[in-house]
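Pasting in a structure now, in structure tokens, and then I'll have a few things to ask.
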Amino acid sequence: MSGVWGNKLKISVFGESHSAAIGVVLDGVPAGTKLDLDAIKAQMARRAPNGGDFSTPRKEADEFELLCGVMDGVAEGTPICAVIKNTNVRSSDYAQLKDVMRPSHADYGYRMKYRANNDYRGGGASSGRLTAPLVFAGAVARQLLAQRGIDVVSHILSVGGVCDEHFGTQIDGSLAEALKGEILPVIDENVRERMKAEIAAARADGDSVGGRIECAVTGLPAGLGDPLFDSVESVLSSLLFSVPAVKGVEFGSGYGMTAKRGSEVNDCWYFDDDGNVRTRTNNNGGVLGGISTGMPIVFNVAIKPTASIFKEQDTVNVATGENVKLSLKGRHDPCIVVRALPVIEAAAALAIYQFVKD
Amino acid sequence: MSGVWGNKLKISVFGESHSAAIGVVLDGVPAGTKLDLDAIKAQMARRAPNGGDFSTPRKEADEFELLCGVMDGVAEGTPICAVIKNTNVRSSDYAQLKDVMRPSHADYGYRMKYRANNDYRGGGASSGRLTAPLVFAGAVARQLLAQRGIDVVSHILSVGGVCDEHFGTQIDGSLAEALKGEILPVIDENVRERMKAEIAAARADGDSVGGRIECAVTGLPAGLGDPLFDSVESVLSSLLFSVPAVKGVEFGSGYGMTAKRGSEVNDCWYFDDDGNVRTRTNNNGGVLGGISTGMPIVFNVAIKPTASIFKEQDTVNVATGENVKLSLKGRHDPCIVVRALPVIEAAAALAIYQFVKD
Amino acid sequence: MSGVWGNKLKISVFGESHSAAIGVVLDGVPAGTKLDLDAIKAQMARRAPNGGDFSTPRKEADEFELLCGVMDGVAEGTPICAVIKNTNVRSSDYAQLKDVMRPSHADYGYRMKYRANNDYRGGGASSGRLTAPLVFAGAVARQLLAQRGIDVVSHILSVGGVCDEHFGTQIDGSLAEALKGEILPVIDENVRERMKAEIAAARADGDSVGGRIECAVTGLPAGLGDPLFDSVESVLSSLLFSVPAVKGVEFGSGYGMTAKRGSEVNDCWYFDDDGNVRTRTNNNGGVLGGISTGMPIVFNVAIKPTASIFKEQDTVNVATGENVKLSLKGRHDPCIVVRALPVIEAAAALAIYQFVKD
Amino acid sequence: MSGVWGNKLKISVFGESHSAAIGVVLDGVPAGTKLDLDAIKAQMARRAPNGGDFSTPRKEADEFELLCGVMDGVAEGTPICAVIKNTNVRSSDYAQLKDVMRPSHADYGYRMKYRANNDYRGGGASSGRLTAPLVFAGAVARQLLAQRGIDVVSHILSVGGVCDEHFGTQIDGSLAEALKGEILPVIDENVRERMKAEIAAARADGDSVGGRIECAVTGLPAGLGDPLFDSVESVLSSLLFSVPAVKGVEFGSGYGMTAKRGSEVNDCWYFDDDGNVRTRTNNNGGVLGGISTGMPIVFNVAIKPTASIFKEQDTVNVATGENVKLSLKGRHDPCIVVRALPVIEAAAALAIYQFVKD
């Protein structure tokens, strides 16, 4: 099964890049929840291709229609279905790709899995476009979390070789608001222009570039999550790896801890001045033994360079059985990191919502 | 829910470090499967504390008893329950720890989650001991995979600052066998002694050290896995992050790709001499769009340094509300990487088995 | 969670009686399945209100639009979403019912569950209208079953006091075809007119009448289903009790066996002339110990009289806190049994499909 | 999957009639729950064969051992595993039955499903013995329900042709206590001796007899359950049909309503003297549209006559391919209804607990 996820809030995502529509069914939004539809639209807009500097020249409004489950902006408690029409599809761009497998794309695996019955145009169901319903669902989850004082915020940790600094042990509200207001949010303002330059350079070369997104969930009390199979890390990573182009996930200092001694990275507990139990450092990213510690949940994801590049590449034509050259055309993001950021936040919101108490 | 996982093969893990027993119920082993019980024991022995160089001085045989589901070594098709008695428990070692939270351990989160009703001795259900039932289940899954020509093999990619080389695009059978025969398996034989020295140094200092384990699943055909929520990466990472001390997971080149251009890391397809579709490189670790490509599934995990160290640490006594000093006693692994390796393989086998066709 | 069901084929149903649309997402239809859309439409038409003798005067075409997952009539393997617009809604009929609870309807429970946020018009999500997406899903499942030689057929076992005869131990193809061709299918042709008269009499009285539907699944091999929790009976009954107005389910002779001796009702095995293992009788309805026996799966459901009647009834106004009288207006089926029949078949097809082997 | 059930409280049942042990893992008992172990034992004793008038001459204490999850009688919050050793097995009784299929038993379906690898002795996993772990789990669920003022009570509605009266619209506490104190609980005391005589007569004839159990869940507030797939009826029936020998389930007046007019059986709402919303009748058994109405949940199950009888029966030997005669020996209940009653209550408690709020 590919399209159904969750327990407390269950989501069913459907659609392909060039189908009539894509969408999502949300089952479990509490009756009486006042939905801020403008806030949902704002999240959708962050992800939508806007033709701007960091994005594909393709523009899609990602306007959603609510088929059911909401009356006068209030959740009825029954499943909510949101549908987004696919309007701006140029299927002709993909005619050459029926049998030619794009490198580092899902084409070949899909073809084998679906025995060539899948809609290959625009990547079909493997398209990044399917993250739009995920952002819709995540925007709803964010609102449910906000009711409980839980916030999700993120920044671009790196683009190519240009790195921002990491979140500290505390993420204060003004930083959170500042990051939310930026298209390319960074903690160290000095790196923004260099990141833009890195993306522009990749675009100029007909190439692409990868990066990392660091995300924090603040306000989550200690004691949530489960040992073993439903650890906070398990549930989060499961959704994060559902986002196309994510190839790595680490919590807190993650890989950085592997070359260290325990005495260097253990997070030591202390009572702060208000009598709260906290840790001096947060190398474990707010999770120990699968359970939240009360510190911010901090993780980052590795986003590979956009697979679609305009340079000529070697590949195969599976119909003719020949090794061939491929030069992609069309409209592609030179760096998917910027548009992936709201998707990562959406995934985080959905994952964390599974753990909160009613 | 913490203890139930899976679909095609469903496992229920139970027990705590100092309970009467720990164990696992496996639901879904096909009727008629001839189980190689010696091979299961061998996997269990790889994980069990053996008092050797890399391990805690504590020795536990991890002998399992089969309560049901197996007759004359053959799976009946009904649930299999394996129970492992907890024999060598020294609860007195933990008397001081009822209210004192060990740094980087699950103690505090557990206490909050279970409102102090959990058995804190030996870490209770957060103990690494709970990986024994996981290894049992994984050992069964390995045998089911082997019937289909699928193998799981791994090596220690690093201990502290000492690094082994990565798996190549192909993992041949002789390498796989060599790795399986070693307690501290590495590809580059030259690093083994340096890794041992790194562990010995940490032990001598009353400290611990982290590392990485790289694992490969070979023989998996293209087209397995699901887009979106049940991607190969999602299912694998979900189980991997259930293993204590795992703080990061990356597939293929993972984080290494984030600083690269698409043209540098895209995996280009080609027909090999036998007409098989393959990629020249395997930066994506055998998964694209959540689906297997037919290349080896390659991932590695970040293992943090063992949280238990003998150096004095700052922490809190939650009963008295005071900041206190803690000096741990008892028996602990200076580097959990070596014993975590068979657990990672077990998790990989269980995760991959979800995807194979009957 | 209310709207998601299944494993091998997972369905998510959404919508309310008066929402913009209702629909269903089907996840798990095998790639390459040629869907007979006309056959699906025919099943939908059996359920849709047609204004005929046994039905509400309301007419709704129940035309579905496929948003994704199907290309040129062939399933792509990705989720299929079918949407049915709600066109013929007369919300004014329901204005009086906001606070007045209709007897034997879900109004009060819904109001309590959803804290009065649910759309009460037309019964909201409790409306029989939500069985339209179920019939769509069931029609797809039927086609998947037909590929394996499995058929689902049913007849009206009773309307009020008028009873048809039961299925025998074998249901031959000609009977199955005859039943499928009738709006009011019965085995004993003599009872059809009497059933019609029973319905007409109830309608004339502004009243309603109940009945029973007997359903058989033929062609299912022995050995399917699971002991304990996923018994054939468990999975079937779970879906059957999801159909509004179903208040009882029995397998084979069901309640009839409770007054009998074992020697009277035990199904004795024998080898038939072709060497097949069969039973002389089928009192167990083709299931023993939760597993199929190879005999037809036979069950029947109790359908209560339509709750909506035109006679004045006692009830409460929960806003005013008063006991009140209620006289329903609008358009209602005097006997829902006829239109429930294709829904029961759909539920049966969906349930049984969970058990078949690939 | 056969052995795992539930969501809020997840249970994994394992074992076979003649395996070393049977048992259950319960995942989800809230930390800090004080378990009344004596009350659990009392429930187990109701189900255990006691060699008395209504039972098999076989005696089994059904003593359970708690392997984990409970400390000093208090649930830790982690999974609880209870194991019951199989002590009193006379496997020789079953030697003749390897290839001879007992009429109305699961033997043949199991053999086909498990390709003859299952342990056929004592019915293996299809044995009624597997209801012991279910009763253990149900006894825990009962205690969790009792904390919320919810009670589960039942009586024998019929044995053969001898019928007790039905529950009324209210079940007062003194009736509940009286029923709980009886081995053969009935509302109308006059029928008890006649029921005993019915059972004794069947036993004397080497035959068996069926019956019905009516069960009520009191104290459940209105508004629990879900529309569609997780209706109260769906979840209850799914578990009830997991209990061996159950062949029918009806809620409230169930089948009795099918021959009636709506005006005769609609449950009319009224405000009682305390201002509570109630219904004059409870023909719907406390559930409308899948949701609880606040009236008692009332259902009854049809229990077929014990399949094991001592009269000679026709059947097949699947090894020789011959039609044969079978005369069963051993120890069997002439009427399983009496011992099934606590199992039905356990199933009800487990099912209802899924719906209650924390």
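First chain written, first letter: the chains are A, B, C and D, and each begins at residue 1.
Operating definition for what follows: a contact is a pair of C-beta atoms (placed from the backbone, for glycine too) under 8 Å apart; a residue touches a chain by one contact, two chains touch by 3 or more.
Fair warning: this is a prediction, and the values are worked out from it, not measured in the lab.
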Subunit D and subunit A - chains in contact with each: B, C
Pair sharing more residue contacts (C-beta pairs) when B-C is set against B-D: B-D
From subunit D, the most remote chain by mean C-alpha position: A
Where subunit C and subunit D are represented by their mean Cα positions, the distance between them in whole Å: 26
CA centroid of subunit B to CA centroid of subunit D, Å: 40
Gap in Å, rounded to a whole number, between the CA centres of subunit C and subunit B: 47
Subunit D, residues touching no fewer than two other chains: 1-4, 7, 13, 78, 113-114, 125, 227
Subunit B residues touching subunit D - in the complex, by the definition given at the top: 1-4, 7, 10, 12-16, 19-23, 25, 27-28, 31-32, 65-69, 71, 74-81, 83, 113-115, 117-119, 124-125
Subunit B partner contacts - residues on subunit C that touch it in the complex: 7, 78, 227, 357-358
Subunit B residues within the subunit A interface of the complex: 1-5, 13, 101, 103-106, 108-114, 123, 125-126, 130, 158, 160-161, 202, 205, 207-212, 221-231, 233-235, 237-242, 244, 246-255, 257-271, 275, 277, 279-280, 283-285, 287-294, 302-309, 311, 313-316, 318, 321-323
